[in-house]
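Quick one: the structure is below, and I'll ask about it shortly.
Order of writing sets the labels: A, B, C, D, E and F. Residues in every chain begin at 1.
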Amino acid sequence: MSAKPISRFPVPELRDLPADIRERIEAVQQKAGFVPNVFLALAHRPDEWRAFVAYHDALMEKDPRPGISLTRAEREMIVVATSGANHCQYCVVAHGAILRIRAKNPLVADQVAINHRKADITPRQKAMLDFAMKVALDSAAIGDADFAALHGHGFSDEDIWDIGAVAAFFGLSNRMANMTGMRPNDEFYLMGRVAKPK
Amino acid sequence: MSAKPISRFPVPELRDLPADIRERIEAVQQKAGFVPNVFLALAHRPDEWRAFVAYHDALMEKDPRPGISLTRAEREMIVVATSGANHCQYCVVAHGAILRIRAKNPLVADQVAINHRKADITPRQKAMLDFAMKVALDSAAIGDADFAALHGHGFSDEDIWDIGAVAAFFGLSNRMANMTGMRPNDEFYLMGRVAKPK
Amino acid sequence: MSAKPISRFPVPELRDLPADIRERIEAVQQKAGFVPNVFLALAHRPDEWRAFVAYHDALMEKDPRPGISLTRAEREMIVVATSGANHCQYCVVAHGAILRIRAKNPLVADQVAINHRKADITPRQKAMLDFAMKVALDSAAIGDADFAALHGHGFSDEDIWDIGAVAAFFGLSNRMANMTGMRPNDEFYLMGRVAKPK
Amino acid sequence: MSAKPISRFPVPELRDLPADIRERIEAVQQKAGFVPNVFLALAHRPDEWRAFVAYHDALMEKDPRPGISLTRAEREMIVVATSGANHCQYCVVAHGAILRIRAKNPLVADQVAINHRKADITPRQKAMLDFAMKVALDSAAIGDADFAALHGHGFSDEDIWDIGAVAAFFGLSNRMANMTGMRPNDEFYLMGRVAKPK
Amino acid sequence: MSAKPISRFPVPELRDLPADIRERIEAVQQKAGFVPNVFLALAHRPDEWRAFVAYHDALMEKDPRPGISLTRAEREMIVVATSGANHCQYCVVAHGAILRIRAKNPLVADQVAINHRKADITPRQKAMLDFAMKVALDSAAIGDADFAALHGHGFSDEDIWDIGAVAAFFGLSNRMANMTGMRPNDEFYLMGRVAKPK
Amino acid sequence: MSAKPISRFPVPELRDLPADIRERIEAVQQKAGFVPNVFLALAHRPDEWRAFVAYHDALMEKDPRPGISLTRAEREMIVVATSGANHCQYCVVAHGAILRIRAKNPLVADQVAINHRKADITPRQKAMLDFAMKVALDSAAIGDADFAALHGHGFSDEDIWDIGAVAAFFGLSNRMANMTGMRPNDEFYLMGRVAKPK
């Protein structure tokens, strides 16, 4: 277990947090076996924490959603690819773990983080990540041709909103992690790489 | 009044929105005299809308905040500078208007949007915007020297969180506006440029 | 009225300038109601001033020109878009004012300065600005395909010269304004935004 | 002698040009032994030609100038370095020739065109080129520290204007050459590389 | 085991290779338990293979070397950091594995690949990687100050050569891997992450 | 003859080098009339020297090669274009000389170094250099479309390997030259520009 600081800013103790925040964090802890550092680092500002988690859940948790074809694994691919582009250590490590688990694929996260064009994913998923990368890196240049390309792969406009919104939300998340010097938990690095002991 | 579409995606009618969203929007409308398009364009996804507005309010609305030295005008400067860097038409136009009003200065928004280094602002405000621009454009390179520079201008760590969080939040907001093709209301362009008729 | 310096370099008094320069400046003053700072800041070097103004007039003033389809408003669009790309405060503010007046449109300058792709202009004008931005930002890569795209929108070769030459001339102008720290007159900010009192 | 076109646009015959332009070109021809293509390519637009040549002469021809410490060779260094940064074939080849002659140094032009930091020039000249490159590539970021660095090398403010103005003028010139596809005369490549036969 | 192609180009069978190449590959296979794909993909061109491997061995294999303070783990850090900057999937995955083993640290490779500034390494190692990244991304700007910074951390000139040469060699290696579409072996992903069974 | 240092690092005397290295260098000296500085600067590390030269020879020396359509002049074009992009003074100057000789064309090297798109070369050679530049500057983005474009110009896959490998090898070479501050011999500047005296 690491004793390194997980943020440049003060990190609250779980027991000192407002009840709604503490309960949500304890639920995650129960499921994951540990508290991901993002929950504690951002809890320094409870109101921002609540909005951040609500936004995250609105985009990432519901699965399947009516009328949306993106799987949870695909949404995590977007997170990992754009977080790689933003050089966000916390997000690549933490969401790389979640992607490996959601996709049941121990290789895909490292591939997508470095170069999504060469990952073991479908052409449709590559088109999805091309658009997500454009949202992350050059959103002002988005135009009709980008939407047409995604429609050509069978994505609906609702799917496109999802792709763009996930890339945009992690545009925020990556910057917060980089600005606060957020440290990924050591536990993430190995998650989804080896079969769970039964 | 413009009849141009305000988003590439479906835009709900105010009357069709959930009551909590509708009420909030009506309150803004009452105060501003019109409904800023961001409220309608993002309301296509009510849960995301709620999180977005909650995050915005947590960062931008409270003023003064205990222990924070940034004024509302300064927070709007951050929005305008970083939105200029991200080439976000909606955010520069809409928050340019708010900045002019908050700062009671009809010139500062255009100056900050194009080149904050040459705006009529204090050296301390320029340092604040230097950091915000680094969060917007190169957050992975943020390090101790950046914090030291801000401390040298009298910013506390809580102030720095604010600067970084506003820049990060509009990293999300700019990308959503660019991705959805969000159109600024015509009303914004003139706000804060001329004295209100009494 | 601002008492801020308008240049890092010495600024001559109007009365101390050579007669030809003084007369031209007074003519502008008569028409505009004030002396745009560029005329005084560059007059520090009379010979360069004369060449600058002659070049400007050759490209910007004649309207219509035989065999040229670009309107004055369109030429000003090129100035505003490329000056935005070069982060030139003087040129965006001053030529934004002229564009609003020439185009009789109070919104278009702010739109074009931030992201010409989303401005209220025609597809032909967007193609014109795409080429102007390439001249401004990546002129070495210009090739046959760029000319073909403009021909496809009905631009003649003479039109293309105009587009490129305006973008190139403001490549000079923007750099001089940035290097000298040229300050836009306060009067420009509001010009063309409100109907003139009759 | 090359039969390749020297411009994408129509190139006038010398005999068809207005007398003032023809005379100036013939004077150059007499001195250089050939007509540099820039004079013919730009003469397609006589008014722009006159302004271009007047601007060029105001900056490049007078030597020495009262109160200016830059030599003609140093001004040509600025042209070659910034034209290299802008990938302007005409300007690097043509002004590389002039630099070799002015500096009486057959090596310096190729060195400066590729990487001025490693050229056989003085630290003061490297500082001069550092500033010129900033004017060429990132003029919006110029600030007090850049002026202080040049003052530290003994450059006056008038010198700094010269450095910036030459870099800015070739910001225009490079873009015109790239846009028109201007071809350097074959004669330039060898000029200043070998001792002239006596 | 993956059946995906390991190169866009023909891949020789081990048994068809010249004896010297086959023997070297078999030695690696014996030690690692598998044949890293780079050995087969590059063996399409035996002479280039021999030079590549000789270069690699000259830089990476000898440890310790007389007068050199860099450890093998540190050399692998350079590989992983610069390969991340070049988005080379093969090199990040394969050398990430070697770095984990050499450093006996299951976390450091993922950290260094994404953002070396936030990795669990010493300030001296961060300075080493700052220089390596400059060699990878902006080598023309290297100057005295870069050498001075490394000397300040106790690196000798021989150490600096090593840092630069490793970064430069993987400048070649990353481009070959990207150009050939080289696929990392599945085995690499888990190496060095879990204790070897005894 | 220049007395300037040819490397930041110690440069061995020819007589102190191992026999194999000395003999190879003397053979070059005999042919060229001087010892190119790269041979001495890199000989500071004999093992790396041997690998470097072997790699260079495998790619650059054999001509014609069975099944390869690239001429030696074309391979040198790749070197000059990519070395220009990497701002490598040694490589542009030295290989510019070789290119002029191989192509029997005194102009082509300066043209290709500054902007290959405007050089006096064939469309097929421009496509070759487009690919080489992508290997040099953005290798992670290489994909099927790049291979298809080259096939469309009649390049085989073996040709493409050559183009990519030469660009990749000089990715190494340029970085070594920039890192060591390698100085081109004065002799190179004039080679291939004038007819040899008979």
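Just so it is clear, a residue touches a chain if its C-beta (ideal position, glycine included) is under 8 Å from a C-beta of that chain, and two chains touch if they have at least 3 such contacts.
Worth saying up front: this structure is predicted, and the values here are computed from it rather than measured.
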> Same or different for chain B and chain C, when you check if over half of the residue numbers at their contact belong to both copies?
Replying inline: same
> More C-beta contacts across E-F or across B-E?
Replying inline: E-F
> Matching A-E on over half of contact pairs, by residue number: which of D-E, B-C or A-F?
Replying inline: B-C
> Which whole number of Å gives the spacing of the CA centres of chain D and chain F?
Replying inline: 29
>> Centroid from C-alpha atoms only, then distance chain C to chain E, rounded to Å. What do you get?
In response: 51
> So, what's the distance in Å between the C-alpha centres of chain D and chain C?
Replying inline: 24
>> From the mean C-alpha coordinate of chain B to that of chain D, what's the distance rounded to whole Å?
In response: 44
> Residues of chain B that touch two or more other chains: which are they?
Replying inline: 87-88, 115, 140, 178, 181
> Which chain pairs here would you call touching?
Replying inline: A-B, A-C, A-E, A-F, B-C, B-D, B-E, C-D, C-F, D-E, D-F, E-F
> Quick one: in the complex, what on chain B touches chain A?
Replying inline: 8-9, 44-45, 47-48, 50-52, 54-55, 58-59, 86-88, 135-136, 139-140, 142, 147, 157, 161, 164-165, 167-169, 171-176, 178-181
> Which of the residues in chain B end up touching chain C in this complex?
Replying inline: 4, 84, 87-89, 92-93, 96, 106-107, 110-111, 113-115, 118-120, 178, 181, 183, 186, 189-190, 193-194
>> Quick check on the complex: what are the chain C residues that touch chain F?
In response: 140-141, 143
> So in the complex, which bits of chain C are touching chain A?
Replying inline: 115, 117
